[in-house]
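Same chain, two partners: subunit A is paired with subunit B first, then with subunit C.
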Partner chain A sequence: MQVYSIPNSIKKDSKFTFCKGCDHGVAIKIIAEIIDELNLRENTVAISSSGCSVLLYDFLDIDCLEAPHGRACAVATGVKRAHRAKGEEKFVFTYQGDGDFASIGLGESMHSALRGENITAICINNTNYGMTGGQMGPTSIMGQLTTTSPLGRNKEYHGFPIKTAEQIALCEGTKFSARVALYDVKNILKAKKTIKKAFECQLKNKGFSFVEILSSCPTNWKLSAQDSHKKIAEELTKIYPLDIFKDTIDD
Partner chain B sequence: MSYIKIDQNKCKSCYLCIDACPYKLIKKSNNTGTTGELTVEFSDTENKCIGCAQCAIVCPDIAIVEVNRE
Partner chain C sequence: MIEKSLLKGNIAIARAALNCGCSCYFGYPITPQTEIGEFLSLEMQKRNLAYVCAESEIGAINMALGAASSGQKVMASSSSCAVALMQETLSYAASDELPIVLVNVMRAGPGQGYIYPSQGDYNQATIGGGNGDYKTIVLSPSSVQECIELTYKSFYLAQKYRNPVILLVDGLLGQMAEPATITQNPYPDIDTSSWRLDGAKDRPSRNIHSLEPNQNKLNQHVLKLYQKYQQIEQSEPDWEEYLCDDAEIILTAFGTMARSAKAICNHFREQGIKMGVFRPITLYPFPYKRLRELSFKAKYIIDIEMNMGQMLKDVRLGVLSNSQISFIGKPVGDWLKKEEIINAIKNIIKEQYASI
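After this line comes the complex of A and B, so read on.
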């Protein structure tokens, strides 16, 4: 009996173009599995963003729209509302990097949460601007060496990193906000369950749902896939705890 | 007999699957893959594979395309 195969919502003959060992591939795979399981493929519009996350539309066999840098939640809002005005209920989710969601796009992201927009946002937190070569991002941790913080992030000059899932949980319109990781099988399965819950929040028409995924960037971190996962497990989860910060879906 | 199938054209030689298999049934092959490094192969001479799919779950490149459980 076949117990595992490539999800139907991944385009046939897809070959991911992320760097070797990058967690973006795992994130997209579990999202595709959830789309299959919830039978959402024909009724979904995914909004991809600027960054390595943009590649989503190359691999998912669903309708996708690319938003300008940081504007994914705003575009998702438009897509959701315009369809609703025509009497069509689309399932709309964004797939954004940490720079996209929490730096250049923070205004759009947070106001979507405050409005309780009935969309789901997924944010891949790899603690830097991956696609453009590893610059410091809003989530780079204290002391982190990046191309724009060659001496390490410091509080005097750069200030503190943002704990996105905690901040989004504070918005009144947010119904669900969580942080997950993908560094081992147990966490991947948990991440899948959590993203599914966020998707179901939208399907139940409850309001804004958000999942931050702690994710590796082996290329810019200059670490192997294994050591990147070790860094997430041992270092990043201490700064960015894995938890559900808000779940008022059934209130 | 449980078994997996690996697509050699998709494998990027990250070796995450080698660590994930509880029975160490995945090892480096003699084939050079797209990243210039050796890809991996499934080698289960004693029929130890239980079809748990842990290897496929961790593969970031959907290179483990099938897991079959008896």
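After this line comes the complex of A and C, so read on.
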């Protein structure tokens, strides 16, 4: 019989402070499980950024550093390189939202991928700016109603969204790029396996690894948790397909 | 005897950084500081140290922020309009209490301006353009030799106080070669093991962040930072006095402008006029107290800068006597000529010194 337990890398006194139905909790939990399974806790520095994702350090019982909005991949580059300068390899990953990674921070994100920086970036894509109350983000889909696209996102007026995992896969330095979702158990397990693979890419010193997580934002989507997951399964995955866009870890 | 060599300011800074154990450098090209990054690119790579030609100055300073969390000696360098891009992260570094040495070899502004000489970033450095209540230590060299010594001191103060330090260098000095000696770093290394992030091994996990949703905690955090700044203001003001003891006229100037001021002082001294030069070396903390003491004997305080009077307001804050405070300056271009300054001074002091 398997007894459920909280991962070692989750702080014992942490309380769930995200909105109800938000997928951040699941994402952080599976990351913590992977950190435990790969025995990384004592050798990891995690970088969070601005937005809901910044709260990572409230939950993970590992060394964490906060980056200014959008700069997580640059900060992670500095962390990784600095430890390497004294001959130590630390495991370094970022935990960012889609606005952070793909809008304000696209320059830092993409250049880290282009350089093949040996770090892992995890990007929570909930198709809006969650913490500020649901504004249109770089990933908001066509027709999406947000507080700054009240008539729906429109290509003539607002322009197109970014398919982050596909774009990052195009960079030569990227060795692994995938998109996963968390809307049911099967996908959670698949997401865990995928993130683990991205982490292993770094452990094998292969280069930049990236996982985009389609994630619910029930509060700003104004849907129940169940309907949010249904929206991801039936609507978002059509626009943002779940796939591994690049895996050249073993090349 | 320690040998002197002909050294350019930028190279002197880069060599001093290497010499005192700087293991991480991040930069992006901008004139007139580019030689720092060019020189370090090979030297750091040869030593397997961290060097990244960043995608932007924003990238560079944030790499420095990340590297600083490892407790090592970290430097970035840039110039004026590009240092403007880095201000956000300086505010973060101050709040996070992360030691970063940032070298600003100044060019002329505002905006892109040009690469002409100017001291236009005094305000940017000492007041700062980041948000919130924070302070950055600012050191100002006036010779290539002092570029070396103050580079050492920048790393030391950054780690001692866990605070960003700006080495504010005139473009003229960065580009100028003069005899100097690469001395040994006189400062001890600071133990960073109590706060650095290097994996939660045999200790509780640590996190470094500036976000604080609890208003009381945020309030306490800023108050704690200000206790540190108070200590810095008490312990670290540094300055040079030249013939100030009996001076009735005190010229105030920073950086290379202070060298001109000394030459001018000599000129007036030859005519029997009791003039001296007061040069702040730390622009933050500004040596208010000493300037205040000296000002009680002075009839005139004349501030000379290659800008429109940025240090002038600190001079005014320092001087509590009835001394007349005047300003001579020029924002951009060829350094003020000796004759121009002499004539301007004569004009200011003519009522009291009719003979000259």
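The rule is simple: the second predicted complex is superposed on the first by the 248 of 251 C-alpha atoms of A that agree within 3 Å, B and C clash if a C-alpha of one lies under 4 Å from a C-alpha of the other, contacts with A are read in each partner's own complex, and residues count from 1 in each chain.
Keep this in mind: a residue touches a chain if its C-beta (ideal position, glycine included) is under 8 Å from a C-beta of that chain, and two chains touch if they have at least 3 such contacts.
Bear in mind that the values here come from a model prediction, so they are computed numbers and not experimental data.
J.: Sharing subunit A, do subunit B and subunit C clash or fit in the superposition?
T.: Fit - subunit B and subunit C, as placed by superposing on subunit A, sit side by side.
J.: More residues of subunit A in touch with subunit C or with subunit B?
T.: Result: the larger residue contact count on subunit A belongs to C.
J.: Regarding the shared-chain residue A:E200, is it in contact with subunit B (first), subunit C (second), both, or neither?
T.: Once the two structures are laid over each other on A, A:E200 reaches no partner at all.
J.: Is A:D243 touching anything from subunit B or subunit C once the two structures are fitted on A? First, second, both or neither.
T.: A:D243 contacts neither subunit B nor subunit C.
J.: Between subunit B (first) and subunit C (second), which, if any, makes contact with A:E166: first, second, both or neither?
T.: Neither partner.
J.: Touching A:K29, do we find subunit B (first), subunit C (second), both, or neither?
T.: first
J.: Have a look at where A:G78 lands relative to subunit B and subunit C in the superposition and call it first, second, both or neither.
T.: second
J.: Given the overlay on chain A, how many degrees, to the nearest 10, lie between subunit B and subunit C at the CA centre of subunit A?
T.: 130
J.: Quick one: is A:Y57 in contact with subunit B, with subunit C, with both, or with neither? Answer first, second, both or neither.
T.: In the superposition, A:Y57 touches subunit C alone.
J.: Let me test your reading of the model: by the given contact rule, A:D227 touches which partner, first (subunit B), second (subunit C), both or neither?
T.: Neither partner.
J.: With the two complexes superposed on chain A, say which partner A:G21 touches: subunit B (first), subunit C (second), both, or neither.
T.: A:G21 contacts subunit B only, not subunit C.
J.: Just to confirm the geometry: in the superposition, how small does the C-alpha gap between subunit B and subunit C get, in angstrom?
T.: 19
J.: Residues of subunit C touching subunit A in their complex?
T.: Per the touch definition, subunit C meets subunit A at residues 23-24, 26, 48-50, 52, 54-56, 58-60, 62-70, 72, 74, 88-89, 92, 96, 197-202, 205-211.
J.: Sort out for me which residues of subunit A touch subunit C in the complex.
T.: For this pair, the touching residues of subunit A are 11, 41-45, 47-48, 50, 54, 57, 60-68, 71, 74-88, 90-91, 107-108, 111, 115.
J.: What residues of subunit A sit close enough to touch subunit B in their complex?
T.: Its residues touching subunit B are 1-6, 10, 14-16, 18, 20-26, 29, 184-185, 188-189, 224-226, 229.
J.: For the complex, which residues does subunit B have touching subunit A?
T.: Per the stated touch rule, the residues are 9-10, 12-16, 19-20, 35, 51, 53-54, 56-62, 64-70.
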